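These notes are about the structure you will find just below.
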Amino acid sequence: MSVTNLLENWSQFRHKHPVEDKPHAEYKWAMSIDLDACTGCNACSVACYAENNLPVVGKEKYSHGFSHHWMRIERYWDEDGREFPDQGAQFLPMMCQHCEAAPCETVCPVGATNHTGDGLNSQVYNRCIGSRYCEANCPYKVRYFNWYDYPTTNNVWPEPMNQQLNPDVTVRGKGVMEKCTFCVQRLTVAKSDARSQGRTVRDGEVQTACQQACPTGAITFGNLVDPEARVGKQWMQQQVELAVDHQAKDQHEHAEQASKLRGYRIFEELRPYPSVMYLERVRESAV
Amino acid sequence: MIENSFNRRDFLKVLGWGGAAVTLSGCGNTSVEDGRELVTSYSEPAEYVIPSIGVYFNSTCAQCDAGCNIMGKVREGRVLKLEGNSQSAINRGKMCGLGQAGVQAHYNPDRLREPLLRTGDKGEAISWDTALELINAKLDGVQGNQIAFLTGGISGHVNVLLKNYIDALGSAKHFAYEAVAPSVVRAANKKAYGVEMPRLRLDKAKVIVSFGADFLGAWVSPVHFAQQYAQFRKASNGGRGVLVQIESKMTLTGANADRWLAIRPGTEGILALGLINALGAGGVKVAADAAGAAKAYTPERVSTETGISVEQITKLAALLKERTPSLVIAGSAAEGYAHGSHNAAAIALLNQALGNVGKTVEFPAALPFPQIAPTVGNRYALHALNDDMAHDQVKVLFNFGANPVFTAPAGLKFKENLGKVPFKVAFAHYMDETALQADLVLPLDSALEEWGTSVPEYAAEGAQLNVHQPLMEKLYPGTRATGDILLALLKLRRAQEYKGYEDFYAYLRSALVQNKAALGGSGKDDDTFWSATLSNGLVKLPGASNAARKTSATTLVFPAPAAQDGAYPLRLIPAVTANMRDGRHANQPWLQESPDPLTTIVWDSWVEIHPKTAARLGIVEGDIVEVASKSGTLKAQAYLFPGIHPDAISIPLGYGHQAMGRYAKDIGANAFHIMDAVFDSETGELAMHETRVKISPTGQRVVIVKDEGSAGGKQMGKKIAVRVSSEKVDLSEEV
Amino acid sequence: MHRFLRLSVFFAGLLMAMASQANTTAQPLTTADDLGPQVDQPIEFPHDRHAGDADKGGMQINCMYCHTYARRSIVAGIPPLQKCIGCHQGIESVRETPRIKKLFEYWEGSADGTIAAKTPIPWKKVHDLPDFVRFNHERHIQRFYFQQEKPVQEVCGYCHGDVKTMTVARRSKSLSMGWCVSCHEKDHPLDATSTMTSQGPNDCWQCHK
Amino acid sequence: MSQRHLLALFDNFDEAGAAIAELRATHIRGFSMDDLILKSPIEHPEVESVLGDKPVYVQWYTLVGAVLGGLLSFFLISGSQASFYAQMKGGKPIVPLPPNFVLTYEMFILGGVFITVLGFLVCAGLPAKRSPLYSAKVSEDQIGILVKGDESAISALKAVFTRHKALEIQEEAGK
Amino acid sequence: MTEKDIREDIAWAKINKDVLKSLENPRKMYWVIIFIALAMIGVAVGAELYQYLTGMGVSYKNNSHVWGLYIATFIFWIGMSHSGTLLSAILHLMHADWRKPIYRFAEAMTTFSLMTAGLFVMVHLGRLWMFYYALPYPSERWIWPNFQSPLLWDAMAIFTYLSSSVIFLYIGMIPDLAICRDNMKNGWRKKLYTTLSLGWEGTDRQWRNFRITYLTVACFLIPLAVSVHSIVASDFAMSQQPGWHITSFPPYFVAGALYSGCAAIITLFIILRYVFRFEEYMTLPILKKTARLTFAIAMVWTYLNLIEFASVWYGHDQASKDVLIYKATGNYAPFWWGMMFCGSIVPLTLAFTRFQTNIPVLFVVSILLNVGMWLERWMIVAPTFAHGYYPWAWDHDQWPSFVQWSIVFGSFGWFALLFMVFCKIFPSVSMYEVKEMVYHRSQETKKKELASKGLANKGAH
């Protein structure tokens, strides 16, 4: 940190990063979730527990809202007050949206949560001091705090269950915030392998745990920069753009093709520019 | 990939914990250290072993009978995670939550570690040899037909050994019992189509009418169906498929239906006939006999009996008429009544009338090796065994992992009858309710430790043989694989025949290698074939497809209309949830903590009540209600749930264990124990939905522990989970 | 009046000094050697004999001949017992020396049966980073050894010090975060595949898990 | 010729003021007005009319301190933000001005306050050694005048003080 | 105004004597207070230890409701600190000399409530032992805290404010310390005062620079105080949450701060007056003025409060509107209405002259006001968490645990202890300024009398 460096590269440090004027170089990890395919079966959530060393907190703690499901399945009913929910329920997998302009990043006093070059919203456990401002400022409430020291709590990882812990993921102690990482441990390995072969990661080469488990393939994950990536094609086809708070779907002037689209992002209007696009659930009109 | 078994077994040894427990604070190191941790490496590692890089081994998921093929990620000799095997036609690389939790069955801290012999009311650890000797001794002088074997669904070479052992003992009493198997539907299918489990092609259908078949949740082969469902939705065969679910309690599948119809419990068959009638009226060519059978079922009558509006019926009929092929499925909700098989038959007839047979209802290949074919479990078996025990017909009982003391309805008095059996041997992973009653408990290897094969009853394509292989060395030296135990027992009877086999692994290997020609390994030398088989984790079996068979309405018995009972006004619908099933996995914490998809409740059981009914009875959410049936009562928290018929309440099965370790014991209430012993009139299967109950608030109230927040399932006008009607979008255009 | 001027100038200087001090103290001493404790291993392995220079009686064996995983994995790995035996079976000259005897005990099992045959040697970890740190050997070897073709002992030496002169390896760099960064922030010449900066990564998640 | 101190205590300010006025008027040899110090329990700005007003430089320290504080903080903060670990915050530049201004503002004040106090100590000559003659009365309710003059002047000074009914006159012990 | 703020014929020597007495023997009540305070602290320390060792979970917050009473009480104490500045700085600049007898303890209050507030920042952290990560110091790690975070601005502002007000307090005390020095018998206290008074002798030069310095620091303190609480406000206003993201927050917070501060001054005024027998100096007229000031600020606060509701109500942000409705009707309603009552209705009593000098009434009222202000802070923090943007994460029945309550409770003990100890060691009434006050006022009256006798021109000579 020297003042000379500051003055020399002033313009570079004044860039709004990474949205708008500074596009992503190699990778921009993003996701799309087809709510029409999602059956709410919870496979993704359990897979996440297995992959990311999530503690099982037990009934008492769960009742206080100390649950740790980075990937939670929400179930919504129609609010039209009919006797039966005869259009079924609506399921929504909700995890960290890895916003491009993340509200959580700016407020962390120690800079434990930052934006990475690949457009991930990083959470560095051993830097976190537990002020919990990030969660306070998260519109989706998808950050989970270690209210207790789970590694040393009874029946969380009793011998030999601790042998199942994933060595690539830190087991968080008390007092740190945590959240979905898009399985960064897998991404890092994939990127490293790709680099050794002098290329970038191919589409489908790396999967997040939830995507890998999902029986209906509702979850698509990939590199938005890569033109071959399925996720990119989906975003393109749904005309959803990353750093925009008003998508083609919302514009009234060309309503007719806009109505054909079903891609949307939650809380678009708050301008966090989330990296997760949801596809509206479709319901048959004939019956 | 794998040179020889020795080498990879060596690889499966657990290594020093170098970098295994990565923790932020408390345990584990948080600063640079020197010489604290050990770092070891295998003395003779195989080429593919690279520290810190996971190696995948293929095996088969043993969490349910669907037989999904899985890969275990192994590092430093520890299996870390289970993932789907993409070569599998069943699950195509995917997995359900239940399967994922398989590792917790393996690492469960409450597993049994050595053979236990009952002395008084406590168990005493004994050696395996004494245990086996003891069994042999106890068998002496007992006539064969007084020796009974109670198992769950069982297949593959373990099944072969079991059969051989049974017949070595001169017994014929093998009771295969599955508490929640679709056994009535199997029987009905057998009659209708000639096969117990026809292959359902959801992906080909344009309309699916499911009578309470929870094929996305817990029915037959959920992961496989889920994938077909995805294609069915994706408009892969032109036009997005329409799912209509007809049931009295909303299942996960029901929650995903385009139209969910709350039908009066037990009247599914009537509606099916009503639809046939309506179709006929709508101008669909229906076979004369079927039309005749359905003649009496006018929409008005059906409507009054089922509670489904005439409009709905006609709409549905119209839909079925215009969009073909369709598929009609009879599920556990339809079969769970005294007239269950009549319902199932009627529904099969509807399929016939719609001409789906052969289109969306196909027929599985016949298995070339009958001896390894699955012996599927049913509920009649329990009934039969129970009678035998009641009449002191059973002197020695072998129990392979089934847990009837937990799952038998109170009406059967199973526990008392079990007490009459002089010597009970339980093969068990955990000290569950049944093992507690046993005189001798033999601890089993976990599914991730043992060798074996299995044949899924519902194979997606052709037939297939699944390979189970260890993903890790035994956690406890004191446990043994089912196969090894059976082999040892057999050696005590037929030493000559089996002396060639050092252990079950040797037996298995030779058994497969001998038939390698039939297993697609012709020409290969034994080792190559064997290692190829192991690395694939499954063998596709060739087999001629069965021919379709036409059903006829002549044998049809008209399902009885729903009856009322003043004393017990409500009907109990025991819910089979994807996580808990019949409760054998209740001790896997991931499953306890992953919220029930519909109620989002965790770590407890609950009583689903329709808000209308609740209002009538003055019950609000969180009330502890007493549910009383003729055979028993239980207390549980009430949850107001719109997705249930007002004449019914629903309680999930699998909770309320009295044993099975820290994660299962005393969690919730056991709905099995208030079920009346009513049986299906044709098959004698226990009718799961025939229990009538009354409920009353006890005055206590709790805050339900669930994931859903104070807003309930409401979005409060926010744009979170959005739904669009189908004519607005065209999915076929999408990526 | 003058005193006041002098003083204000003095304090101005003081503040400036503080500022520049704050700047400079932020720069960690990059080459600082920070010698870790002696770790006594089950067998006192002589790195100098194996990897040392010829003139000092070493055999100049490439580090990655034994630590073979370094180029393929994030960990360098301890050579399997097999590897040691592979060579030493053929070297009768040293067969009877105490260390080699010990080695063969692990392979063939000890006479008193305390050590079973083919027991992995319980080496102690010398360069043991905190659990939440992900240091990737592969990346560093790939970049400096394969792409920039630096001599292997130099490349390993960046972090492990001059092992070829030690018997049992001993940590000789601090391996602290600041120490890592002192190298990451240097401008290294770009390698073939990197489309990123010529510096080491500065993003937390590259090294923290 | 050696100098001696003299401390006269007065009941109220008017007499003290008058005494000073007279001292100024009558030029006593061997005594200069600069050697006169007024000590009072409370502040008497009026004294300047008789002593002549002396400039105060504290505000200059304030200025310097505030400016330096501000600059220092801005550059330290921006500089550290622009370090090798550029903490990327989605949608924000690495060196964002508004937050830095907030902090600059705080440091501006901090610097101001600290250096002002420093200036005060310097200008007021604190901490100081006790002057040879001191009476606790001046911190209570009396006004003290401390003068330094040659042996010769002492008597004259005394005379002036007594004339203005000094309650008490302390004298430094002779050498 | 006929009755005088303070007797003008009061002898300066007496002033010294009376005030110095407060350093010697207070009434029994003093020791009672100290004892109670210690007990309260004991409870809190126990609770904090338990929380530190077990984890934040024991305070019963949860994943959507991550902040609780700690932050609320933190704001409360910060707010409390503002009155000191108000009395000493603002009124000083306005030459309202009735402040002189009471500003000293007001400043002490500022300092100590800031220290208390600081504690809550710590208590609230999940990893207290890693606190130093938040400090901007050049570390071997090469990383700095995130200067974009309002929390860091807080830290900076509070540090500045604390150090400045300590200095202000100290500078203002130097002449009095000299008095203490001159009147103390030998002993540790004498040493203490001697060192602290820096050899002050009240020379003309010292006084001259003293005046300027005091004035300058006062000038700095006012914008500083305002900035501090508006920064605390920006912790919320800068965030995106409904009910927080409100433009009028900073002024609103500042008003609230002054409000609670004045209320606290009344409380302490009454206590000190009794405990240290300060009836001569902390007179009813002064109390009356303070009461009136408080009333004025109460009305300002009420106004800003209504403004806030209005701007939410007529704004387009549905979410914020929901939160507002939830506050008034949801399960926080009792507290919310309690706040409205204590904050806006109770102060009306201060409008009546009869009550403005009625000590028991004022005592009760002033405490009620602070209860109201504490509730206000809680109502800012909690409902937004319980009823934020994301319905699924709503959490209406989150109730702070005993741990939280006892730590909050104990903080009052902590404050009381610091404050009372201070008043025992240092003169809590500024002697030299009371003298100035008396002096100037008597000069005034003299002039008046002379003028009235029409002998003004004679008196001039």
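Think of it as A, B, C, D and E in the order they're written, each chain with its own count starting at 1.
By our rule, a contact is a pair of C-beta atoms (placed from the backbone, for glycine too) under 8 Å apart; a residue touches a chain by one contact, two chains touch by 3 or more.
The structure displayed is predicted, hence computed values, not measured ones.
With contact taken as defined at the outset, subunit A and subunit E are each touched by B, C, D. When every chain is reduced to the mean of its C-alpha atoms, the one closest to the centre of the whole protein set is A.
The interface with the greater number of C-beta contacts, when C-D is set against B-C, is B-C. With centres defined by CA atoms alone, the chain at the far end from subunit E is B. When chain centres are set by their Cα atoms, the one at the greatest distance from subunit C is D.
Rounded to whole angstrom units, the spacing between the C-alpha centres of subunit A and subunit D is 63.
Subunit A and subunit B have Cα centroids separated by 32 Å. In terms of their C-alpha centroids, the spacing between subunit B and subunit E amounts to 66 Å.
We define each chain's centre as the mean of its Cα atoms; on that basis subunit A and subunit C are separated by 36 Å. Among the residues of subunit A, those touching two or more other chains are numbered 1-3, 67, 72, 74, 106, 111, 114, 116-117, 125-127, 149, 168-170, 174-176, 267. In subunit E, the residues that touch at least two other chains are 64, 127, 142-144, 146, 148, 152, 389-390, 392-393, 395. Counting partners per residue, subunit D has 75-76, 79-81, 83-89, 92, 119, 123 as the residues that reach two or more other chains. Each chain pair that touches appears in this list: A-B, A-C, A-D, A-E, B-C, B-E, C-D, C-E, D-E.
The residues of subunit E lying in touch with subunit B in their complex are 64, 127, 318-319, 322, 386, 389-397. Those residues of subunit E that touch subunit C in the shared complex are 138-142.
On the side of subunit A, the complex with subunit C involves touching residues 1-3, 25-26, 114, 116-117, 120, 122, 124-127, 168-170, 181, 184-185, 188, 192, 195-196, 198-199.
Interface residues of subunit A, counted against subunit B in their complex, comprise 35-37, 39-43, 45-47, 49-51, 56-59, 62-63, 67, 69, 72-77, 79, 83-92, 125-126, 149, 151-152, 155, 158-176, 209, 212-218, 230, 233-234, 237, 259-262, 264, 266-267, 278, 280-287. Residues 11-13, 16, 136, 142-144, 146-148, 152-153, 156-157, 159-160, 163-164, 167-168, 171, 174-175, 178-179, 181-183, 198-213, 216-217, 220-221, 223-224, 227, 231, 432-433, 435-436, 439 of subunit E are the ones that touch subunit D when the two sit in their complex.
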